[in-house]
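Have a look at this one before I ask anything.
For reference, chains read A, B, C, D, E and F in written order, and residue numbers begin at 1 within each chain.
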Amino acid sequence: MHPHQQLIDLALAEDIGTGDITTDSLVPAEARGIGILKAKQNLVVAGLDVAGRVFATLDTDARCRCQAADGDAVSAGSELMVVEGRMAAMLKAERTALNFLQRLSGIATNTRRFLDRMKGARCRLVDTRKTTPGWRALEKYAVRVGGAANHRMGLFDGVLIKDNHIAACGGVAPAVSLARRRVSHLVKIEVEVSDFQELGQALDAAADVIMLDNMTLDDIRRAVALIDGRALVEVSGGVTADRLQALADAGVDLISSGALTHSATAVDISMRITPAATP
Amino acid sequence: MHPHQQLIDLALAEDIGTGDITTDSLVPAEARGIGILKAKQNLVVAGLDVAGRVFATLDTDARCRCQAADGDAVSAGSELMVVEGRMAAMLKAERTALNFLQRLSGIATNTRRFLDRMKGARCRLVDTRKTTPGWRALEKYAVRVGGAANHRMGLFDGVLIKDNHIAACGGVAPAVSLARRRVSHLVKIEVEVSDFQELGQALDAAADVIMLDNMTLDDIRRAVALIDGRALVEVSGGVTADRLQALADAGVDLISSGALTHSATAVDISMRITPAATP
Amino acid sequence: MHPHQQLIDLALAEDIGTGDITTDSLVPAEARGIGILKAKQNLVVAGLDVAGRVFATLDTDARCRCQAADGDAVSAGSELMVVEGRMAAMLKAERTALNFLQRLSGIATNTRRFLDRMKGARCRLVDTRKTTPGWRALEKYAVRVGGAANHRMGLFDGVLIKDNHIAACGGVAPAVSLARRRVSHLVKIEVEVSDFQELGQALDAAADVIMLDNMTLDDIRRAVALIDGRALVEVSGGVTADRLQALADAGVDLISSGALTHSATAVDISMRITPAATP
Amino acid sequence: MHPHQQLIDLALAEDIGTGDITTDSLVPAEARGIGILKAKQNLVVAGLDVAGRVFATLDTDARCRCQAADGDAVSAGSELMVVEGRMAAMLKAERTALNFLQRLSGIATNTRRFLDRMKGARCRLVDTRKTTPGWRALEKYAVRVGGAANHRMGLFDGVLIKDNHIAACGGVAPAVSLARRRVSHLVKIEVEVSDFQELGQALDAAADVIMLDNMTLDDIRRAVALIDGRALVEVSGGVTADRLQALADAGVDLISSGALTHSATAVDISMRITPAATP
Amino acid sequence: MHPHQQLIDLALAEDIGTGDITTDSLVPAEARGIGILKAKQNLVVAGLDVAGRVFATLDTDARCRCQAADGDAVSAGSELMVVEGRMAAMLKAERTALNFLQRLSGIATNTRRFLDRMKGARCRLVDTRKTTPGWRALEKYAVRVGGAANHRMGLFDGVLIKDNHIAACGGVAPAVSLARRRVSHLVKIEVEVSDFQELGQALDAAADVIMLDNMTLDDIRRAVALIDGRALVEVSGGVTADRLQALADAGVDLISSGALTHSATAVDISMRITPAATP
Amino acid sequence: MHPHQQLIDLALAEDIGTGDITTDSLVPAEARGIGILKAKQNLVVAGLDVAGRVFATLDTDARCRCQAADGDAVSAGSELMVVEGRMAAMLKAERTALNFLQRLSGIATNTRRFLDRMKGARCRLVDTRKTTPGWRALEKYAVRVGGAANHRMGLFDGVLIKDNHIAACGGVAPAVSLARRRVSHLVKIEVEVSDFQELGQALDAAADVIMLDNMTLDDIRRAVALIDGRALVEVSGGVTADRLQALADAGVDLISSGALTHSATAVDISMRITPAATP
């Protein structure tokens, strides 16, 4: 089964429901069509496979040929994909396929724009868990397609100790030590700190990664110097495109930004469908 | 069952997966907490019920008290909801609840901003089917909360005849007549036209609603005059906030805009969790 | 996925459960067969596609050739479909396929019988929501195959205001106006009335459709005259085959009858299976 | 979980879909109501529990009080159940609850009518697998409520060897012996025979039950004499209400009739809803 | 759909989750491989079809060739199956396929070992309901493959009356008679007895099968003599491999043992994967 | 929802199917009972919560009181849990609850036995992915309850590079470097090596963990010395209880054993149910 089939089925069900009453009334079952998906603005493509799968879900014999690949930066007017198949199925799938492709390409395009502001930087731009519910895997995929990297996928594949966790354990040191005892030896432990006292405790506890939360640039530079390679350094909070280069220059290893996903908007992609000869 | 339980379950599953290894390692099962959700910017609230349901899904005894209601325009710093319950469940639900609330409030806020540009207008601002796959009902709800109205929910509850449908039937007249024969008598028939020849045909076919696609303001005015109340008039395509007032003044009945949903971004809402006494 | 796959799977699961212990014990896996479905009485066919899908669900290589089409009125003895495939799968699918086909053809046959009683009428015979739970779409399909039309599919695609709704709003006028404000512009509004006072209020409120509930023939004639084309007129309640012609002659637009579905019985269709050579 | 929750959910989903647009527009969320379900004809009640569960599914606080019990023969006008709860939920659940109750009571009523024609008979009236797909357990329950007994629930809990199985094994004897070796020692083996040669073979093979398929009354009497208690005797095929007494008198142990389920129609039950004071 | 697809999907989901991050990072999508499954000890094979289905689930074009058949006793080093297909899919499916095959073959091997201890016996060795939750059908299949027979599949296809049931009815006689009246005529009735008083009551009630629970060998012999063919005799409780021959010699019809499934361990099977040329 | 509800539902469904025909025929709906679960051998308890949940699934008002806690080593005869509730539900849930509890306690008991053989060791005993399909989370939980630790949960939360991955990338160095670039910074990278050449390459590539596969004790000691704290050291393959102490003494950090799960058998736990007074 396609890894995103459940979301695709949900999306088609919410749009088609008890039937596309327009198409079912007007388009003969045997009519065939050709559809061309085209970029209406400059964008970075992401989601062609999912979009193709939407068409294939309604018409197992539909054929999709990609004219671009996920990750390509294309200019307005470029063709992205050509679909051939039953006209009725194509009309029913059109909007859902575009809704997937426009949002995912929007995230990839947004991510690329961020990266363009930190060219040559040695550090990693990573996403967060601020994704659209139900879309975690897809949006993190679009971030990778855009060129950035992923932070943990969820709460299950990485330890990130925050103030509430620390409070529950009575300190950074017991928290880190407890976590290390409980989780698999393949999982690293990250500690979020907001001042230099906590930073010192995290270093003493031998945290693998230290997240500097909402610090000033000066404090970030000082923290990097203090950590001095003993842990990976991540900055988080208030990350805007304008600050990226400065943050990168400060010597951090990771810059995380929720805006990559939660502030991306759909890009403009159209689909033109024309009748094709019945074979 | 809650109407959005399926999406909530999907969202919690993708975030928690095989377990929140940080919280499960560090927070005692009996620890209790109080969480306060607060607006970090001016916004229109939408989604409190869904957010509350996220907490209740992981802790059936969690209690949520709303400090605001969906549709309220609140200013930065306002408290939106207070949650009391098990600390561990609250930490696991936090991000997912916020992801729902931030996106839905983002759409409501965006919609309200559009409406503010067409104050006093007699016509309806409506959404489209350009919604996030899996989120159709939720996003259309947020649009209503923002103050605008909904176009059809999907392909099943309204007829919208486009060029491909017309081509398949051999003309506007046969298309409208065929559709009227096939669909329930409770469903209206809308025809999309892009020039005055098609407009004339739609009028002759007695379409209930006529959609003027991507017309200039002058053509829209002329079309409204021509239709003269014989059908509802909808304008669509290239609807920006700047053009809303002019479109409204042109005398149309409906202005539809995909940007209400596909170009909304998340608003900033935070949650602060503090330990509470165990009862 | 086939639109009725969920019901088909449910039906096969409830019949086969942990296995067809007779067939699994006695019929070799490689044995092949040919099955012929035959009408044992005069009937209108409906459901060939679903029946075929039942066989295909258990044997993806099964081939079904239809000898008749949905909507055909066939006489006793006519062949409806020929199935070729694995004998074991055919024996397991047989009863479920017939159960679908017999009930759907029963509804189509019953519907056709109703229509035969109102030949030449200008008005529409429509069904209701009195369908077998889980079978809404299928039974409404069988009604269309029989030649009648569908009322709304459910509570989501048409407004039908009844006494309880009116009571909750304080009158017909506020109810109609509130509904019109809340629902999509593509949905019409129907009001159920049981006397002439309510009828007057519905007309004043500009209801799109007026349902005359359980009125005498004389009252219906008077109502039609009074409405005079300002709204569509539907009659409902106590609709028997004997009254159809008189109701049609009274000038109504729509006659709705729950009996089309809730009082249809299965028609008699058999399946004869014979061994075929293994290819 | 309620044993029929899946079918109830399916039924509510197909009726409510994206929302009851009438009720959601017009009935305040806090309004409360009382509903009374009443028989409109003489009938045998079946399905009160499922009907109550439909209301409870949409309103977990709804309270249902039964005024009759499944199996009761009630006369027209009798109250069957009183429901108290949220008005909006009650309006949404009404039709689905009635659709369940009307069909199940229809089957129970039909079954009772059959039994009334064979009063005092020592033999068992049983149903078949000719049930509405998705409704096997419910319809077989209604048959029991009506007073008859169930044949096997499906293909998994009893062996019934027919001509195709016999052909696949090369005879009645090898078929019975093979089946006995393969299935659990708790399952009996029935063989369908259509003439006296097959009957003799089934007796020789020590079948536990012998089904006489479509035999004349004379042949049935002769078969019963021949079998002489060595196996249970079931008659099947062409069983009408008129023949029941004669079949019973012929000395068979079981009479099976598909008409109990496939030819039952819904009985008439109404629901009257009135506003109640908000607590 | 494959009869065990649900469990296969569950198993693949719990192992792969959000993705095989090793394989997805390192193995090119187009790379192909050949995998050979080999027995590392003497064993009886069971589960080849399920194992093959695991590979096919992730790679619909994967080809599995069996080198052995379920039920074969193979020696260490024997090849069981060869898989050809996409390398990445094969690496993801490997562990799950082996986990199925190793446990099922473990049960078959264990069962065969039991049977070897009662060679030539006329009585049946049967399993119980002491199976791994979720695996009932699979484990009972492996028992059959190993050469033993199945007791009832679950609570639905056979009556087994125990002390609590008897207490609830006020005696063995009313319990048997009530059950016979309530269940299908195709289902036999078994009564569990632990002393000779109960045994006498079960015989008087004409139970079809009598289960002797935890009796000594002497008592079993005495019981068999007493029953004298009037019912099938099953022994249960404390059945070890060592006692099998003696129990068989005592003249019982059925020996049931939970150890066939609950005490079986996985056998050792390996898979070696090598790169193959891309076609 | 309970984290294992899906497996519990599957287990109850496969056992109860269309109904417990014995209990449904014989035990009155209102009868109540008390059940006591008791260890019949010395064992380490695991799974009380799941077992309790099985009873609660069929009887929402059932009350379970634990007399022991998961992880307790109890002796034969100890009471583990007392259940009070409806007798019929208890009889239906009994076998499934026991099947869960017996297998999970079997794994915990087996794990404790392993740990007893390496008392005082500084290194970690960990499980593998050789778990029963569908039971991954439950069996890994039982291993923790038994006192050992978990390796990665699945393919998604840790990188383990094996020979096939290395072959696909052209060497250990490119494989480690590629993986590090592709996966989250919170995930560690483990490399499996079978000789000293590969070990050197893994060290040079700065693998976080090195797995020594099937090495002799001498080679393991040499490898530990060579690695000298630059990576965690895991041994795997051929780990028997007898070798545990020697492996621990060799200075490795982790010993992984599939036998903890794949060779555990069920322990003996019984349930005695007695009637209770109806309240």
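Here is the rule we go by: contacts are C-beta pairs under 8 Å (C-beta built on N, C-alpha and C of every residue); 3 or more make two chains touch, one makes a residue touch a chain.
A quick note: this is a predicted structure, and the numbers were derived from the prediction, not measured.
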| item | value |
| --- | --- |
| Where chain A and chain F overlap in contact partners, by chain label | B, C, D, E |
| Degree value of the rotation bringing chain B onto chain F, based on Cα positions, nearest 5 | 120 |
| Whole-Å gap separating chain B and chain E, where each centre is the average of the chain's CA atoms | 52 |
| Distance between chain centroids, defined by C-alpha means - chain C, chain E (Å) | 45 |
| Chain C: positions in contact with at least two other chains | 14, 17-19, 136-137, 153-154, 156-160, 187 |
| Category of the chain touch graph - line, ring, star, complete, other | complete |
| In the complex, chain C residues that touch chain A | 1, 136-137, 153-154, 156-157 |
| In the complex, chain B residues that touch chain E | 14, 17-18 |
| Complex contact set, residues of chain E against chain F | 6-8, 10-11, 14-28, 31, 33, 87, 91-92, 95-96, 98-100, 102-103, 129-137, 153-161, 164-165, 167-169, 175, 178-179, 181-183, 187, 262-266, 273, 275 |
| Contact footprint of chain F on chain A as seen in their complex | 124, 126, 149-153, 156-160, 184-188, 190, 208-209, 232, 234, 253-254 |
| In the complex with chain D, residue positions of chain F that touch it | 9, 17-19, 57 |
